[in-house]
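Just passing along the structure, written as structure tokens.
Read from first to last, the chains carry the letters A, B, C and D; within each, the first residue is number 1.
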Amino acid sequence: MIIIVKQQHDEKQLNNLVKWIKNQGLGVDLSVGAHSTILGVVGDTSKVDIDLVRSLDIVENVKRIQEPFKCANRKFHPEDTIVDINGIKVGGDNFQIIAGPCSVETEKQIVEVAKAVKKAGATLLRGGAFKPRTSPYSFQGLRETGIDLLLKAKEETGMPIVTEIMSVRHIDLFKDVDVVQIGARDMQNFELLKEVGKMNKVVLLKRGMCNTIEEWLMSAEYIMSEGTKDIILCERGIRTFEPYTRNTLDLSAIPLLKELTHLPVVVDPSHASGLSRLVRPLSLASVGSGADGLMIEVHNDPKNALCDGAQSIKPDEFEQIVEHINVMLPLCGKKEIV
Amino acid sequence: MIIIVKQQHDEKQLNNLVKWIKNQGLGVDLSVGAHSTILGVVGDTSKVDIDLVRSLDIVENVKRIQEPFKCANRKFHPEDTIVDINGIKVGGDNFQIIAGPCSVETEKQIVEVAKAVKKAGATLLRGGAFKPRTSPYSFQGLRETGIDLLLKAKEETGMPIVTEIMSVRHIDLFKDVDVVQIGARDMQNFELLKEVGKMNKVVLLKRGMCNTIEEWLMSAEYIMSEGTKDIILCERGIRTFEPYTRNTLDLSAIPLLKELTHLPVVVDPSHASGLSRLVRPLSLASVGSGADGLMIEVHNDPKNALCDGAQSIKPDEFEQIVEHINVMLPLCGKKEIV
Amino acid sequence: MIIIVKQQHDEKQLNNLVKWIKNQGLGVDLSVGAHSTILGVVGDTSKVDIDLVRSLDIVENVKRIQEPFKCANRKFHPEDTIVDINGIKVGGDNFQIIAGPCSVETEKQIVEVAKAVKKAGATLLRGGAFKPRTSPYSFQGLRETGIDLLLKAKEETGMPIVTEIMSVRHIDLFKDVDVVQIGARDMQNFELLKEVGKMNKVVLLKRGMCNTIEEWLMSAEYIMSEGTKDIILCERGIRTFEPYTRNTLDLSAIPLLKELTHLPVVVDPSHASGLSRLVRPLSLASVGSGADGLMIEVHNDPKNALCDGAQSIKPDEFEQIVEHINVMLPLCGKKEIV
Amino acid sequence: MIIIVKQQHDEKQLNNLVKWIKNQGLGVDLSVGAHSTILGVVGDTSKVDIDLVRSLDIVENVKRIQEPFKCANRKFHPEDTIVDINGIKVGGDNFQIIAGPCSVETEKQIVEVAKAVKKAGATLLRGGAFKPRTSPYSFQGLRETGIDLLLKAKEETGMPIVTEIMSVRHIDLFKDVDVVQIGARDMQNFELLKEVGKMNKVVLLKRGMCNTIEEWLMSAEYIMSEGTKDIILCERGIRTFEPYTRNTLDLSAIPLLKELTHLPVVVDPSHASGLSRLVRPLSLASVGSGADGLMIEVHNDPKNALCDGAQSIKPDEFEQIVEHINVMLPLCGKKEIV
């Protein structure tokens, strides 16, 4: 951490600051220049309150040198984390596709979609039971019943299931769920992160629509600091000024995450754009960017879907996308999907 | 709601769409132009799934004409809502200042700050007991104890208290809290909104750092649809590309909200910038924009604050700001602070 | 165009508005609902001043139905435009790579890079002669001399050249340049757009770092309205809140542009991220998204480059990227690069 | 400048880097920590290419300590610059209002508006002769004729005139213009900045809609490095995700600019929101934020304005705003408008 002290500063205040830093078990290097005095703070600075330091009268600016995340940091864990979900491996040279409908609606629907996407190459089944909706007047998901139906589809197909949790009150309902999803709007729901971190489950952590990569990894850190090791990050688009798409998919984040963290990262091209006809090009683009997998909405009857139909593609289109992905995977250091 | 149908469309699909809309109890006006066919949907369209309609093959675009919020909509409730908190009135021609430390730390600290800000003109006491922090390694607030200390300060000064709730698990702890705050990161924590909506309390709803005004009012709608009438909106800055400030305070939102909703709106200039030396100019700017009040961090000893010290000003500076605000209030249709 | 009139409106003002619209040769449909009166404006509304209409006392909101661009609109020109640059075809099922150094520095440098990228599969040579730099103290390019050196490299290799124009004063210097580039910062330099539109050259139009897709196509419209038909759009990243990358590459824009316009679109992965190690993954991602080509910075000695070295890759890495792109092209409806 | 070198680095490359820095006349402090090696670069680092350094294989990150602007930097010029325009002083404890129509239309119109705003307290007359419009089909201003009409209004009222330049081709037309305005879209039109910098005129430099404060000051630096001393900065809103307003006025920028630079700064509340009914609250807010002046669109007949009518207020409303501003000015360290 570098602290830039104002040119006109009170020596006593500077000494107090240096003392305060040293009291936190850190070292301080002082370097006096023509226009500023610089303090180099050495040691584990992840606990230093950067905002507090910035507020001091004598401080002009503060810059962090070390990343504030540790468990998620590749520097301290150079090998890729490979998450194992009932034998389905995410990370390393594996590529997995999570597919399924936006919302679980009926047993027939979820079982049919599950069978169709499994046949096409998907290995994990997604489906919304609890649905975060902007409007209280919109369909909020089948909730408990939705989870039961997902478990039936798992029984029928053997596919592990991925579904979103929205409240600490529902933790018990998720005991048979294989992958607990934290949605974009809950990425900084810190109390939920802490409780999910104690569940001893694989967690799929979506990026908040307005969160930086660093904040995202800090949210992974919340979960990991409670004992969870297996986190899958999921890029789903960020909010920008562009109105044509609901969100702007940030594919530069994928290779950057590969440098910063050992955790696997998948991309959700369905939610990013909100337009089903963009799913195919954005899926191929995601593979090209180096992602460890995709999360795609597939629906057997988009027109009658109760929610987010605009994002869903049909099983036959999905099958074709998977075929094309298979051609690309070897270029990206990944094994083909069998 | 206006649905623009593609030039080349299947007549049968168009008829199906018209039928589907009518089945929802809505009327449809059809208008055929040279390059597009337009459906005007008449009636209460707030429950129509705009994303689903947009997804249909024959649809080029959909535009909403009516705002999707109702309880919060000034069209259906033209007079200002005036929230009454133990006699302290927020809204209409009243102007209130909520002040206090970022975090509650000790009984001495919170009582001292409460007395100082009350003397200077603040009418409501704020203080964080549960603290949302980006890092799991940062101080997370005194939690239950923090609420007890706030209640002691209320006892000593008579000031109603405002403090943030972060989890549905803590609802019982808030039974004596006067104003329950929903923080920016929880603005779309819908399960929390619903449960807080049932508490029968005044709610202070902060704007999410990346949320539109419409989404903000939809979150108010979540709370109101559970029976709560008294909501105070709080603008606290949005995230932009500018790195000098933590957030960009959106003061244009204030006069816009005054048109769209009857709910009172206050501004938090402390969190917006993250710099205490900007609190004074941004407070005066907020008054000028037409806000119903301010929420300001005041601390008796910023240097030793456990968190967010950079945003806090000292009591004497606060007193001076209040004096200047008093000169401005009559220009803005507000009564002076006594 | 849909004009939503306020519930409480003056009938005389409404009649004036209807008359004013009709005077512009447009038709008006009036539809009266419970909470609003709606005017549907029929005809060529591209010249109606939407801001002026919005400002009227009786108007609540205005929404455009038709896109405001015409020459660039696929609706009025359904087939892909295929730009021909001395036999090099851009658009349709063709895929072209524009490569070269950020800045032209010496004859040796530009000729060597040109030969290396041509050998690897690039068909167009880029190189900056006039350089837009944030700081007046940074190297501003070799200017006239830079163009001379590019022309020498063209002579040696036969590759058509692409280089940026920054001022109407330099138009004569560009008479032998094959493709005139408009940079991101000049995307809305309307006086430059008009003069370049009269040059009768192929224009490569970069997206402004904070411009919407619609604004981008309106800038193409400026050039086209002066007689130019051959425009290549170039996505180079937009500005967001994410600090890790200089810009966020918006690959969703590619399939959207393919719907909205008939003009070819290429991607510049070098400028988007500002990090050369992201060029490879973002190049593959761009191909997957459906782009008609790439614009890549390649340098023979990045460390000593006078500018933007961080974005440049070396010829051998470039060669490998081209090989991988060739595997992907048939999946994306494109012919392989020979 | 702080350069963070990767943990695993080649010693030879590090030595090369140190040598390269020293060759630029700078000093280097080396500090070796557990996880990184840090180089502190001492001296005038404004000419070091930060992107080039970041690109080196051994470099993890680079952070600038000193601001890259000098002429505009308050550190090297602590007193406020007070710009004198024919006796009208901008900066220091002065507050000036620039008012006038969006576009100059007729002699009668501009002279009438000029008289009305002068009577109400405006001291500088604005009016668009060259108009930057998103669409080539929109009215582009009266151009040369517009400047002639402005000069007539100056003759009649004695008010100095402010008008926008859009091309280096028009420099001669601006020889009698008092304040040359650089519009938001041209803030980084560097060739224009350089030529305007040589005109020896007062320049009003608007902030680009997606530019940081630092980039804005670097553009001022371009003009100043050509010899111009008198620049007035003008905040006019930045682009965010919020669709209700055209731009989000960034009033936090005002007190920040007062710290960073000695140049005066005014606010344009008309263009920021694009809604005339927001002009009053945003004007008072701007005064509260500490601005040195306002730039307001006033029109005698908004309905028939040829452009941007939505932003214009009428003279009587303007007069009332000026009265209220006068009450606020002493709170903000400013003299009242006479």
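Operating definition for what follows: a residue touches a chain if its C-beta (ideal position, glycine included) is under 8 Å from a C-beta of that chain, and two chains touch if they have at least 3 such contacts.
Quantities reported herein were computed from a predicted structural model and do not represent experimental measurements.
Participant: Based on mean C-alpha positions, I'd like to know which chain lies farthest from chain D.
Facilitator: Taking each chain's C-alpha mean as its centre, the farthest from chain D is A.
Participant: Could you let me know which interface, A-D or C-D, is made of more C-beta pairs in contact?
Facilitator: The greater number of contacts lies at C-D.
Participant: Counting only Cα atoms for the centres, state how far chain A is from chain D in Å.
Facilitator: Going by mean C-alpha positions, chain A sits 39 Å from chain D.
Participant: Roughly how many whole angstrom separate the Cα centroids of chain A and chain C?
Facilitator: From the centre of chain A to the centre of chain C is 31 Å.
Participant: So the centre of each chain is just the mean of its C-alpha atoms; given that, what is the distance between chain C and chain D in Å?
Facilitator: Measuring from centre to centre gives 26 Å for this pair.
Participant: If you look at chain A, which of its residues touch at least two other chains?
Facilitator: If we look for residues of chain A contacting two or more partner chains, we find 210, 239-241, 243.
Participant: Touching residues of chain B toward chain D in the complex: what are they?
Facilitator: Within the complex, chain B touches chain D at residues 210, 212-214, 238, 240-245, 248-256, 259, 272-273, 277-278, 281-290, 324, 327-328, 331-332.
Participant: Along chain B, where are the residues that touch chain A in the complex?
Facilitator: For this pair, the touching residues of chain B are 46-47, 49, 51-52, 54-56, 68, 130, 132-140, 166-169, 185-186, 188-192, 194, 208-210, 215, 218, 221-222, 225, 239, 274-276, 302-303, 305-312.
Participant: Quick check: in the complex, which residue numbers of chain A touch chain D?
Facilitator: Chain A reaches chain D through residues 2, 4, 7, 29, 31, 33, 35-36, 38, 40, 42, 61, 63, 65-66, 75, 239-241, 243.
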